[in-house]
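Pasting the structures here.
In what follows, subunit A forms one complex with subunit B and a second complex with subunit C.
Our next item is the complex of A and B:
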């Protein structure tokens, strides 16, 4: 295990930036999002969760993958791909876990080549959560915010003045090696301090208000839950915006569109939302004609369909929808309504 | 507010049992301290979970669009700003007045959870109680008292109409209407932007809009955005794509702002719900300020019988096409 003094981090960013595109949680006009680091950027490693999740890096909201241009009678086509290798620093354990959920979808047969390339070119550095917030319920999905999450190439912990650094994958080890002039070995004391910090996080978790959320307690099969009366009531307040799906690290529905320029154009993929009235629009219209069906779709997908396909829920308990939904129709309320709550820890 | 809550519940129960209404629009409490949200009550026994506290920020008038159009009889509880929204929707012919019973709630102000978090009062917080002009934050480790105006939404500090301007029945006593902050200060941030050069101003908005995710929460929560089918949703028209492109983001915001000119009641809901903290109220207030300057002071939603400045024409109206007149590029 390695460490770096936090006042040295700017040097670390500079060094990483020489060879990679570096994404960090950066505050801009009051909102913290993962964006490309530039000198002078307002890095905020204390912000627990970014507004937009780092999904936006591995599966960007808009991604052009084909450009076309008319040249005389011919049509020139060019496939666009990600040019630079990149590093994402400061990914929280819930968001790291979300990457695996996206992998299940995009890396299963048939493999999505664009996504695969995005994943291969990236290196993920996680950061443990010292202060889980009241909206966090990652523990419901067996995610441990104090831990080194599976799927992170490097895991880090903030110990106040120090950042502890543990390389996990081969890629992470080589990367750590290349930064060796900035990283030192940890002492026995540092390790002790880390254990204390981890224990402290665990204590805080038990005090969180949403600690009783337990999706596995939901009873009934697909058809039963689909036909449940709870949807009649739950959907009513939904405004049909797409915020919950856009901020969600695990929502992955997209649309394919052409931008039609003058004799040229681009084909791009962009996020779509099951909450929108034009989602999966077909010649005969939207198969889900009311907001009730759209709301049901979002939560059935997360709590029933996805688990049926991949044996895990499509939610990591990050709390973004819990915090942001303008009418507080978040997944916690849905899980509870469906009976997913335990009385004791 | 506790006492009023009981009164509200009683009114709701009676309205439902007496078949005065088919549905009651009010609020319910979720598991977190700030978690009050819109709820629809159709049975008397459901009313026990109805709540009224300092977190009932959601404007329920917006739901009338669908509910009254479905020919239901609706009872709706409105705060001051919600009443302005109600009137505005009336003026836009979006509500069937005969189908609605409006219960007015004089409003003490609503708490902005972000301000609570900024003060770190949220750690271990279980409940917030109101006592006069003070708020009591109940935590595991004891109680902390804070002057209410320190954590109220900015819009509440400027609020001139905490007492609903429209109702069939008013619940409780009216509250004092003087504002905590000078109301004209609403425009000071607009003036700061006006003082910038065009390039600086463009850079400011460019930076703000570059955060927009185009989730449309600002549009969908807005009481002035009441078109049955938004032009942005019309796939055939294809006037706004789904790509995150600076030009498209900016285009969306210009159209949104201009579409609510003269109808925006300045309730601030768009800014509240924006996940990216884009200060949409500055855009709206710039337009309100210009309308005030061009056509005289106007508050949308105050009186549905008056005509909105942009839907009427008078000979003495500002004329930006004539040299030396106020309006358009001339100002």
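Our next item is the complex of A and C:
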């Protein structure tokens, strides 16, 4: 295990930036989000949760993958190649876990090569959560906020003046080696302090209001849950704004679109949302005609369909939807309702 | 300009439209092949392909030709939206994008030796035609073939040559045609497909392959149940809005199954386990 004094971090960013595109939680106009580091950027490692998840780094909100050119009856198609290698620093354990959930979808057969290429070009550095907030419920999905999460190439812990640094993957070890002039070995005292900090995080978790959210309490088979009367009431306040799918680190629905540039143009992929009325609209009609079907689809996907296919819930308890939904229709309420707490509002 | 090779399933290759036939006022059948000739890919009956007409985008269509037809793929396409309207405007020799094949297929191996009953409504004949022609090209492998086809009017028949000539000329093959209501000059059967199936009173040992509007499929299944057919003997093929074709864009699921990847062909007992949202 290595460490770096936090007042040295600017040097670390500079060094990483020489060889990689570096993403960090950066404050801009009072909102902290992952964005590309530049000298003078207002890095904020204390912000527990970025407004948007880092999903857009591995699965961009918009990405052009093909250009086309039409000349008379002829059609030319060219694949657009990817960007440079990148490092994401400060990914919280819940968001690291969400990458694995996206991997299940995009790296399953047939493999999405654009996503695969993008993943291979990235190095993920996690940061443990010292101060889980009231909206956190990652523990409901067996995620430990104090941990070095599986899927992070390097795991870090903020101990106040120090940042502890543990390389996990081969990629992470080589990366750590290349930064050896900035990182030093930890002392026995540092390790002891880390253990104390970890134990403290666990204690804090016990006091949080959503700690007992239990998706495994949801009872019944797929068709039974689908037919549940819970949906009749739940959907009614949904505005169909799509905010939940936008901030959700595990939502992966997308659209493919062409941009017309007069004879030539490009095809791009962009995020889409199952909350939108035209999402499933086709020539012979729409199988999800009201917001009830759309709300049901989103939560059934997270809590039933995805688990049936990948043996894991498609939620990491990051709490973004609980914070952002304008009508407070979030997954915690749905889990409680489906789990038998019918009085939950 | 040629397409650069890339293994990503979202990237189309260039293909050329070699022949266009008008079937009805709003349906045309297109023959598509590689610019240098031949099929863009190998496929099985019941599979689909995504056709691209930049800058209008892509849409998914079932392949209506049989894999035994090695020179070109055929697509019967109804003009219902932006992409299909563009396809209806193009001329022979135009290059388009194509990617696929997508989805599962009708189990043509497991169907060997069985009597087959095909039930199609409107443009729903398109995916069935791939299997019908496959079975007829391997005639000795299959038993009696019955084809029931219905359309809104006599002007709405797709693949008229097959319905009236190619298929009826085949040994041990019967074609039963109906239209929704009376038309002047129409002397054939009048009535909806499910009702016609009941009148024809097929023996329940046949294996059924059905495709048409969702409402037709639902009523046909009810009639087949009444006639004593086991759900395990009935296959259908479904269509929902699709963008990726590979089970990732999140649009075409029925419960935990994606029509583009786990379908489009479903055996009816399997379909029965899924919620009614299609």
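Keep in mind that, in the parts below, the second predicted complex is superposed on the first by the 331 of 345 C-alpha atoms of A that agree within 3 Å, B and C clash if a C-alpha of one lies under 4 Å from a C-alpha of the other, contacts with A are read in each partner's own complex, and residues count from 1 in each chain.
Definition applied: a residue touches a chain if its C-beta (ideal position, glycine included) is under 8 Å from a C-beta of that chain, and two chains touch if they have at least 3 such contacts.
Since we're looking at a predicted model, the values are computed, not measured.
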| item | value |
| --- | --- |
| Simultaneous placement of subunit C and subunit B on subunit A, clash or fit | fit |
| Spatial angle subunit C-subunit A-subunit B, Cα centroids [nearest 10 degrees] | 90 |
| Contacts of A:301 with subunit B and subunit C, given as first, second, both or neither | second |
| Touched partner set for A:113, first subunit B, second subunit C, both or neither | second |
| Which superposed partner A:76 touches (first subunit B, second subunit C, both, neither) | second |
| Touched partner set for A:272, first subunit B, second subunit C, both or neither | both |
| Partner chain(s) touched by A:253 [first = subunit B, second = subunit C, both, neither] | second |
| Touching partner for A:281 - first (subunit B), second (subunit C), both, neither | both |
| Touching partner for A:68 - first (subunit B), second (subunit C), both, neither | second |
| Partner with the higher number of touched subunit A residues, subunit C or subunit B | C |
| Overlay on shared chain A, then closest C-alpha pair between subunit B and subunit C (Å) | 8 |
| Subunit B and subunit C footprints on subunit A, overlapping residues | 255, 257, 259, 272, 281 |
| Residues of subunit B that touch subunit A when the two form their complex | 30-33, 35-40, 58, 62-63, 122, 124-125, 140, 207-208, 210-211, 213-217, 219-221, 233, 235, 241-245, 269, 272-273, 275-278 |
| Of subunit C, residues touching subunit A in the complex | 1-4, 6-14, 52, 54-58, 78, 80-81, 84, 91, 93-97, 213-214, 239-241, 243-244, 246-253, 255-256, 273-275, 277-278 |
| Residues on subunit A engaged by subunit C in the complex (per definition of touch) | 65-66, 68-71, 73-79, 105-106, 108, 110-114, 222-223, 226-227, 252-261, 265, 267, 269, 272, 274, 279-284, 287-288, 293, 297, 300-301, 304-306, 308-309 |
| Subunit B-touching residues of subunit A, taken from the complex the two chains share | 28-31, 33, 51-52, 61-62, 134-135, 207, 209-210, 233, 236-237, 239-243, 246-247, 255, 257, 259, 268, 270-273, 276-278, 281, 322, 324, 326-329, 332-333, 336 |
